[in-house]
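Some structures to go through are shown next.
Each of the two complexes below includes subunit A, the first together with subunit B, the second together with subunit C.
On to the complex of A and B.
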């Protein structure tokens, strides 16, 4: 491998690959947009863009938390169940007003995050199993709290779900704001550096005197809180609490967005911009296939291919 | 057992400077090893004893038969999963493959039993093979490869069932349906098949060269490779095996239900992983046993059954209990494992 990289041809190849890794997801979004501009009727309308953006918002918010967990070489499978728990809590406490209800819902996510973080950081359980346990238990708890679908009739929630500022829905604004915050945290704060250091090598981070356990707990708490926020927003948009189906397979969509966005599963690197683009890419891909009357089976197969391509590209970086 | 003796051997060397009583250290280490190996079994026996004392309907032939049957399909999936997890990998595609296997078997059953069995085995085995090649040869992460396979297999399933709207039926009088519905000596045929597969699986993992390679790859891949274990081939084999197991379980399930139900299998990968972990197999690889996975499956099903018996409790409690149980098991395992490492 080392001799090969010395020759000019493979240097170009390496550079191309690097470009593809860094900007491939953005290029994918642009290509899909152009394709839709050209071939999809009724694609270019404010209404359609609004719908697409609103659909992407919850996935994106969950993916932001997931990106942090993956940055520490972990993963959080409990996010979908946290969304369900959050919607149950929200509708249980709606009697006290929307703010209290939303806060309680987010608090529920924080508690799950603390449990995840404690299992991972203090007991030393692998993230995938720890969060799997919370995933199973969380969905059950959500259903115990609220056994079936319930309509949410609250003017505050309705405004949150369908309101907009200057034509931009609240949901999209909140998702964008959260993305900016997470991007800032990852790039400009000590905490962000610590997350990446732990993902690079947990042992080295500990030897360097970083508060590894605390950082890990905070990462999973953030993941839980963000998933709970996504649950509140999704509930507001649907005007109903459905703990049975809300957030099912959300962990997979979020992981897909993060991985397609160029964040390696091996940790040490978090690409927030890429994660946003990854979430948008998956959404656009689904829309494109649906608008061209291709069945849902195609969507799933296409998604599978995109994931494999994305990790294949990321793998080359790991090797170099 | 090899793992155990190795551990003892290692601890004998390191323990002497600090511990004054090596015999005692050895005993407590043996105890924690025993707890790790048989904790699930003890819990299962206790749970069954408590359940049969509390509910008259628990220890009846019908109820046990039901539990055994509903365990059988998950158990076959968990069998393949055990091999994968012992190599330090994971297979998230089994739930989709289970559903796909069932649909293919139901569709194929019109051409006879051979097609009904071979078609799901061939397709699911092939998908497992592709998983294995991507993981072992292209060196992609197992988690993500099998996640993609999970989506892809579900997509294929939707494609061959007119987006999930067609349910293929199995002729009730066919030999294939009897594989699922028939019974031998009062025990359902799927249960017999499962028992035979577990015995085979245990022999393969414990007593064959391939089984030793599986442990070697999971224990330390580089060391395994240096000792001459065919790392890539072993990995490809375990993912293929897992695909085959999931496909077979799906086919048997279709024979039992006499139809290829398209919505089955979601979350089954997590159930199977839980069962394997509860059974004492470490997700980090290199340590585990087939019999534990069977105990893990039975334990999950007993919990489910008990909660169903308490009529007043919603079935949602089952998830709470299973999740909490899984958490307790992994905490116990991690602590026991740490203890053994320290000693």
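On to the complex of A and C.
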């Protein structure tokens, strides 16, 4: 009898934790929204929602690529430096017009992705080490290319940074479109299943005849390209190329969004919706504290609490 | 790396090679950046504005002479001066600072050895030791940190090498471990910014502060000076918002976007450096405000910010003068001749407002 109830209780607990891991992030977003509706003056306005969405867009785009890397039981620490490299290249090639400059910037991200993927898939370097190397090298290269902040006056970039369609800023549209594409790829394509299979067990995936190396390279190329797109958008918004500070600590924000969104660091699972919600949650947390003029150190502490909760939920689940 | 794996995956090698070639082409090849007409390079601008001492060498405060410090008199001409810069010349302040030292050395016909620590303190320590080993008779140091200078000071003291530190102070005894410190008074910059803010707002309304990076004495002193002066002179002006923009334009913009939505009645923004102030301008533009709707006062005196005054977006800029060259060499010259020099020399920071922004644009760095 006692044993039965105990089993029942622990089952319930496991189920609760699972629910918490899967839907906790959405609940968190709802709670923060309700709090702000009630207590933050001027929160409910189209202008404010636009601002929040625009501010979260670059983080979200980077987090999408990060989710894929984490899905293969890897990680990509070079994303912040890729943003810096992308902004440097963009500035250097703007003379040819915004399209060519943006394409060049994205190509730069692809090149870093190829280097990351090749080191990981062919040379067998641990993802954290390989991408750490590119993180250091990428920022260095960005600063060699463009040693200091430079204004961007191109009207096309200005439109990209502050323009909107039917009241929805371009940045938000692009981020939403990319999220939909990544969600589709993960759920509906062979490539998506291969990513998850590799994350579950690389050895098993190889034995099953999956093109493990190729998939890994493509995953990191996607990560690099997405980070570069985020770099272009951030540059457009800022109307300046700032390779010194653009993207610093972006890798941590992106990993936080992914992990808080319920994607386990152990791979084999990618939650795109959760990643979007994770990025929004972090944004709302920061914004709430800023709008109430609380000390900036509180934001960091609050983020830490959210991360610990998310990882705790994931750990309990792994143990089961 | 296993050779077999390489052969089997020759396509990967091709991919890598192609990647490397592309990146090289990107990095070195046919770049073409936006037309930058109308802006001169900082190096060519730096001579325009000399430097004025706020407290001259023999003014009030403790002084230092060569008898007290130890060492021998020498003629600055024919001497070798070592200059150790703390950070990469990647921002206007450091660019102007290094250029000013170099220009003054050139003007006086002094042999100058330079080193840059690239923001690594251990490198700065070995940089200075190298400069001493290469035969520097005198040292000008822009320190990265205040602490940890004992090994260098010991090496310099053994050879009686006079040291002048610029822009940041080191924790050591003046006139024993080093001769003088030349720098700005950051609290005074804050007070002068407050004066401009009071003038701009008429001393009434709600204002916000964009703080610099946390745990930085520049941030603390610019905040203290500003808030003290506001309390003292304009009790009607309320600081209702204090958030960090970490001295970066992007953070300044994001924080200001949130600020103007949650506190639409804000009348002024004090940004503790130009970059955050320019971020605030971006945010105001994005929110559809007109130039002058919100009064912005910033500190630094970079060209972009002074241009912001001309355009009407920024009300005033307090300069933080990076041109230490003339004053540093003047101090070393006087000291090595046997004259007394001040231990704490305050550099004069000018300021920019509507009246002089256009005419003094060339002096901004």
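Following the convention adopted for this analysis, the second predicted complex is superposed on the first by the 314 of 320 C-alpha atoms of A that agree within 3 Å, B and C clash if a C-alpha of one lies under 4 Å from a C-alpha of the other, contacts with A are read in each partner's own complex, and residues count from 1 in each chain.
Quick note on the criterion: contacts are C-beta pairs under 8 Å (C-beta built on N, C-alpha and C of every residue); 3 or more make two chains touch, one makes a residue touch a chain.
Computed from a predicted structure; not experimentally measured.
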| item | value |
| --- | --- |
| Combined model on subunit A where subunit B meets subunit C, clash or fit | clash |
| Which of subunit B and subunit C A:147 touches, first, second, both or neither | both |
| First (subunit B), second (subunit C), both or neither touched by A:132 | first |
| First (subunit B), second (subunit C), both or neither touched by A:303 | first |
| Touched partner set for A:201, first subunit B, second subunit C, both or neither | neither |
| Partner chain(s) touched by A:94 [first = subunit B, second = subunit C, both, neither] | second |
| First, second, both or neither for A:45, with subunit B first and subunit C second | second |
| Subunit B versus subunit C as contact partner of A:312, first or second or both or neither | first |
| Which of subunit B and subunit C A:252 touches, first, second, both or neither | first |
| Location of subunit B clashes with subunit C - one stretch out of 37-45, 217-225 or 253-261 | 253-261 |
| Set intersection of subunit A contacts, subunit C complex versus subunit B complex | 123, 141, 143-144, 147, 296-297 |
| Subunit A-facing residues of subunit B, complex | 90, 134, 138-141, 143-145, 147-152, 154-159, 163, 266, 270, 273-274, 277, 283-284, 314, 316-324, 326-327, 330-331, 334-335, 338 |
| Partner subunit A, residues of subunit C touching it in the complex | 1, 5-6, 9, 12, 15-16, 19, 22-23, 26-27, 31-35, 88-92, 95, 211, 214, 240-244, 246, 248-250, 253-255, 257-259, 261-264, 275, 278-279, 282, 285-287, 304 |
| Contact set on subunit A toward subunit B in their complex | 75, 77, 119, 123-126, 128-130, 132-144, 147, 248, 252, 255-256, 259, 265-266, 295-301, 303-305, 307-308, 311-312, 315 |
| Subunit C partner contacts - residues on subunit A that touch it in the complex | 40-43, 45, 47-48, 51, 55, 89, 91-96, 104, 107-108, 111, 114-115, 118, 121-123, 141, 143-145, 147-154, 162, 213, 217, 234, 237-240, 242, 244-246, 287, 290-291, 293, 296-297 |
